[in-house]
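You will see chain A twice below: alongside chain B first, and alongside chain C after that.
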Partner chain A sequence: MTAATGQVAEQAERAGSPRQRRRRRARASRGDARLALWLILPTVALLAAVIGYPVIYAVVQSLKLDKADAGLDATGFFQSGGKYVGSKYYSYWFNCGSKCPNGTTGHEFWPAVSTTVIFTVITVIFEVVLGTVMALVMHRAFRGRSLVRAAILVPWAIPTAVTALMWKYMFQPHGVINAVLGTHIIWTGSEWPARWAVIIADVWKTTPFIALLVLAGLQVIPDELYESAKVDGASAWQRFFSLTLPLVKPALLVAALFRILDVLRIYDLPAILTGGANNTTTLSILAVDELRSSPNSAAALSTITFVFIFVVAFILVRIFSVNVVQTQARTVKA
Partner chain B sequence: MQYRRLMVVAVAVLTTVALATSCSSSKKKSGESGSGGGAGDRGPITMVQGKDTSGILPPIAALWNKDHPNEKVTMRQQTDQADQQHDDLVQHFQAKDPSYDVVSVDVIWTAEFAAKQWLVPLKGDFAVDTSALLAGPVKAATYAGTLYAAPESSDGGLLYYRKDLVPTAPTTYAELIADCAKKTAGMACYSGQFAKYEGLTCNASEAINSSGGQIVKDDGKTPDVETAAAKSGLDFLVNGFKQGYIAKEAITYQEEESREAFQSGNAMFLRNWPYVYNHLAQDKDSKVKDKFGVAPLPGLNGPGTSTLGGHNFAISQYSKHKATALDFLKFIMSGPAQNVLLNVGSLAPVLKASYSDPALIAKFGYLPTLEKSIDTAIPRPVTPFYPKVTQTIETNVYQALQGSLSVDAALKNIQAGITQAANG
Partner chain C sequence: MTAVATEAQSARPQRATPIRRRRKFDPRALGRGLGIVLIVLWCLAPFYWMVVASLRQVDFTFDSTPYPKHVTFDNFRAIFKGNNHFGRALINSIVIGSVVTVLAMIVGVFAAYAIARLHFRGKFAVLGLILAASMFPGVALVTPLFQFFSNLGWLGTYQALIIPDLSFALPLCVYVLSSFFTQMPWELEQAAKVDGASPGQAFRMVILPIAAPGLFTAAILVFLSVWNEYLLASQLSNNDPNVSPVTVAIAGFTGSDPKVVPFTSIMAAGVVVTIPLVIVVLLFQRRIVSGLTAGGVKG
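Let's look at the complex of A and B:
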């Protein structure tokens, strides 16, 4: 404690003219670098242990033969697996398609890819639009604003498992949704109703997340900009599209990126709501299904999913970051 | 300087902890080869099973602990989801965890766990006497000719029917469909479990077996579903949805939803397990209290065949107190323990004698019917590849029920799927 305050005082004393500071920094840099190394080492070690090790372990496992695929010996015991089989499991997932009979996990791979992508595209579009609207509402000053803000955030605060169960009850044939709509749709009994059930529940739950990030973006836009725009005679629509949207775009893109990566690995909501039936099996659900019978094959699928999400993230970050820079440059020029 | 020293200490501590954990896990691995010979050691044991929804664990533990003060049993509960219970057991077996001594194994997992050598075979020093038990449950605990677990409770499907509307229960599918005319308006006729999950495999295999078909041949792995008998069995369910004697919404039913439909007076027939009996007879909101009867399942040309449910207790290969665990297995198959399971939890006994006990029959009117059901029951395929087998059955039957796949195509896929499952 005393050492810490001593150092702070010392640093304050050191602060002289910029030139002096620069000279001092050069002298201290080797020591600082070493300190910095020690400071980040625990984090790096922890990340290596909880992220690096499992990822590498999964990749290694995906190249080895599973015990459950090693065949039975005369006494009915599984022979030992573990020998390297190369891309056996990867080709099972990619090339199985028509060769594997309906009902096997290999047959479900490509449908699971398309289901995952469909969920991602539709939910993120809805969430971005609704989230932006919600943020605009939360941003305005009016009576009862704090109540509206709290109400909008409630779905985000509810655990996903609870959300899924809640919507499962509401989507039952005699549930509240059919009662309100006056319909007799068996929501979890066929393909598109089941998919819409998942999409509606996911949008309901995570729109507040986007709204929250967009709201943060809105709050840093200075009011003077709007005032001068008004003076210049810009209509409300012009102000939204030429002012609000470009300025909030960086926050919006980050929020959308987070959501895209999140939905690509979605598991809990469809797993509880529909059990993966009626083409709502996502890549993560398929991986867990496969884990039950063949862990090494499931490791291969997890690796494929990981690489897929990684590539999508990489591409989006590249596109988005360029945009972010351009937006800022344009704003500065204007 | 102070900071740096602190960091060094922190890193050193972290590294030591990491090393210590890795050491202890390797110790566990080397330790397990130490046991062996005789029936193992004695000491306190832990029994693991799914969530105890019916409150059987406290009385069972009390009954055992009274006579075994030095080898007390600790009850450990998993979740109430069967899939998660299976995964939890697999993880603990893979970690060679000695803290799971006795595990409750669903009949359909027994073969898989036995083939992976996680269960102690009950032979030689570990042999148990099963002569007083029903044959079906013992067969379901046997893999490749060796008994691997002690049957704890059994289960068989029953047909619940509205005796106020149909005085005598139908014994064939044709009779059942004809009886549908007697239902009141707004009521569904037949109800079962048709959502895409394990319960659908039970319902589908019952329909196939009840029509004289079979899913696998006697060797337990060669599929045999591309037959006329299997087709007519599946047709009974598929036509139910087509012709309307099964309600459209039944495609979402698991056990509880189907019970709810019958209990609220919205279905005339219900295929379900014995646990439903007490709900129908005693629940406050039951609208069918004195209006329902219990019968064996119907079939194509006479009484049908139930699938076999239930749980077995097995000793983990990694238990340190196997001798005590063995005694616990013998205890759970004994009269006093079986009575507790039936009286407290309504679990179907595995002892033959329980089914002819007049006191029990007076209390549980369905026992004679249940005995018939279990006696003729056919287990679901006893195979170490069960997860793949049930997945292919569930998926194809579900699509057939929805009408997006013909019955012939579904059976063809199941045939191919089971063949592929066994060949890796």
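Let's look at the complex of A and C:
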């Protein structure tokens, strides 16, 4: 592990692994299982405490009346805080729509859903395409490869909060982006420019990461495959579409899936860059906005967001038929 | 961006060209070089602009000279003065980051060892659980934890900022570590024992030195992810400058005139927060890249 790294070393490890695995399996015993249980228990217990418990707490709270909403109900009965009210807050989010007056959070729910989905679709498409292109350029480049890799890690390393402020500065009316483009757009002042500002900042920050993942996928494709495809008379485009793309597809799909789940929960960038103004309020921002005025209804919204992301993840795993765990496990076990 | 795309397309035909043939002048190599330049520019230009802006006098905030002009270090001095509590925030971030990293490593190292080295039923379930945990939306934690911690009177305390961070730090740690552990030449442990080393000696003198780089990389990745966290910290710190980390402090920066956003100071603070990360990342780039792509869970 001294060369903690070179791809060569990695490949060598991978090559030797089936034998090791068989040997290990032969050794496997009940003792292994018991030891594993004790080793894994602290992690699982801690995750149950910091994730499982709060989530259950949130679901329970979302079904109870908020203290802020305690008082006489429509029929004149007194409702105290903490009483179970079932789907009250869920229907506040789902059914509010045009019924709620402008300016209430319920009114913003469906716009927030569409904003979140729009952000997700556009950024992920850009990131996957650009990330693949970057990876292909890096893969073929021998000179300057370490320079590119260093450069590519910079956007990844910068905290999202700083990224947001940096782009906010550049997107100012007198900022450098208008100067370079020769435009006078007030980027954070209206709907689509504000959205594009968020999208561009997110693409800038995350594309390099996708490129790294795809590059890792490219590097395990043996050169001989390309040689023989070339001998068989495949054009460059054919080689790309029938060789490269299918072979990096698993890596690409997993990267895309992670990105989709990541953008669906996006908070930092729009919250700091636009403050959620001009229809850049995402589900996460809306839930946080609601937090201080009505915690229980915020809990309902965060539960909705969580379930939404979970369902999307489930559907995508089915559609893409990516076995994320296995793909991850393979890299873990290889 | 379209330029990047065309560059890469012209670079694609290069795929099968053996390395040795590159000695001759090749127009496609030129295109490839251009692609590289564009990628580097795309990645570094905004960062460069932040550095340049941090060196500008306040009156020239929106000057668009592409190099440092009207240079001053006042911005860097200013951020440590006034009521922005930036120095304090730096210390808070270091404290929170270190504690979370140490806790996650101590707990995670055992789970990673089990996943990498032991055979047991339900390994996939454990992996799936940990993976799901790492993709968990922060907003689904921030609402219950906000209520929960405010009931306990913990809002604006270190523990309220440290404990929730384990929700993403621990899964990341387990993934990166387990991928490193599986790649380690464990046979050496056996070899050392054959050569007469006690189990303790084999661990201390053989296994530990080989495992150190992996442990170190995992620690860096976890520390970075905690250092960059914003959502949980922005709510659970309750805007208390005594515990707020840098991300929260910078986002809340105000200048002497509250109506004017002090961009030059913000950029200076951004540079102070970012430069150490960039240096660490560049020093250990090979390791970080292999850690990221092997355990590649989160950006």
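Going forward, the second predicted complex is superposed on the first by the 279 of 334 C-alpha atoms of A that agree within 3 Å, B and C clash if a C-alpha of one lies under 4 Å from a C-alpha of the other, contacts with A are read in each partner's own complex, and residues count from 1 in each chain.
By definition in this document, a residue touches a chain if its C-beta (ideal position, glycine included) is under 8 Å from a C-beta of that chain, and two chains touch if they have at least 3 such contacts.
Not measured: the values here are computed from a predicted model.
Trainee: With the two structures overlaid on chain A, would chain B and chain C clash, or do they fit side by side?
Mentor: The answer is clash.
Trainee: Quick one: classify A:147 as touching chain B (first), chain C (second), both or neither.
Mentor: In the superposed model, A:147 contacts chain C only, not chain B.
Trainee: Given the touch rule stated above, what does A:172 touch, chain B (first), chain C (second), both, or neither?
Mentor: Both: A:172 reaches chain B and chain C.
Trainee: Now for A:293: first (chain B), second (chain C), both, or neither, which partner does it touch?
Mentor: The answer is first: A:293 touches chain B but not chain C.
Trainee: Figure out whether A:137 sits in contact with chain B (first) or chain C (second), or with both, or with neither.
Mentor: Touch status of A:137: second partner only.
Trainee: Looking at chain A, which partner touches more of its residues: chain C or chain B?
Mentor: Higher number of touched chain A residues: C.
Trainee: By the touch definition at the top of the document, which applies to A:121: first (chain B), second (chain C), both, or neither?
Mentor: Touch status of A:121: no partner.
Trainee: Tell me which partner A:311 touches in the superposition: chain B (first), chain C (second), both or neither.
Mentor: neither
Trainee: Between chain B (first) and chain C (second), which, if any, makes contact with A:190: first, second, both or neither?
Mentor: The answer is first: A:190 touches chain B but not chain C.
Trainee: Mind working out whether A:39 is in touch with chain B, chain C, both or neither, as first, second, both or neither?
Mentor: A:39: touches chain B and chain C.
Trainee: What stretch of chain C clashes with chain B when the complexes are fitted on chain A: 148-156, 220-228 or 274-282?
Mentor: Clashing stretch: 148-156.
Trainee: On chain A, what residues does chain B touch that chain C touches as well?
Mentor: Residues 35, 39, 42, 172, 174, 291 of chain A touch both chain B and chain C.
Trainee: Applying the document's contact rule, which stretches of chain C touch chain A when the two form their complex?
Mentor: 1, 4-5, 7-8, 11-16, 19, 22, 32-33, 35-36, 39-40, 42-44, 46-47, 49-50, 53, 62, 64, 107-108, 110-111, 113-121, 123-124, 126-131, 133, 135-148, 163-164, 166-167, 170-171, 174-175, 178-180, 182-185, 210-211, 213-214, 217, 224, 227-228, 230-231, 234-235, 246-248, 250-251, 263, 266-267, 270, 273-274, 277-278, 281-282, 285-290, 292-299
Trainee: Can you name the residues of chain A that touch chain C in the complex?
Mentor: Interface residues on the chain A side: 1-2, 4-6, 9-10, 13, 17, 24-25, 27-28, 32-33, 35-37, 39-40, 42-44, 46-47, 50-51, 54-55, 57-58, 61, 129-130, 133-134, 136-138, 140-144, 146-162, 164-167, 169-170, 172, 174-176, 179-180, 204-206, 208-209, 212-213, 215-216, 223, 226-227, 229-230, 236-237, 239-240, 244, 254-255, 258-259, 261-262, 264-265, 267-268, 271-272, 283-284, 287-288, 291, 295, 298-299, 301-303, 305-306, 309, 313, 324-326, 328-329, 331-334.
Trainee: Given the complex with chain A, which residues does chain B contribute to the contact?
Mentor: 2-4, 7-8, 10-11, 14-15, 18, 83, 86-87, 114-117, 143-144, 195-197, 248-249, 251-252, 257, 384-385, 387-388, 391-396, 398-399, 402, 405, 409, 413-414, 416-417, 420-421, 424
Trainee: Any idea which chain A residues touch chain B in the complex?
Mentor: 3, 34-35, 38-39, 41-42, 45, 49, 67-72, 75-78, 100-105, 172-174, 186, 188-190, 275-278, 289, 291-293
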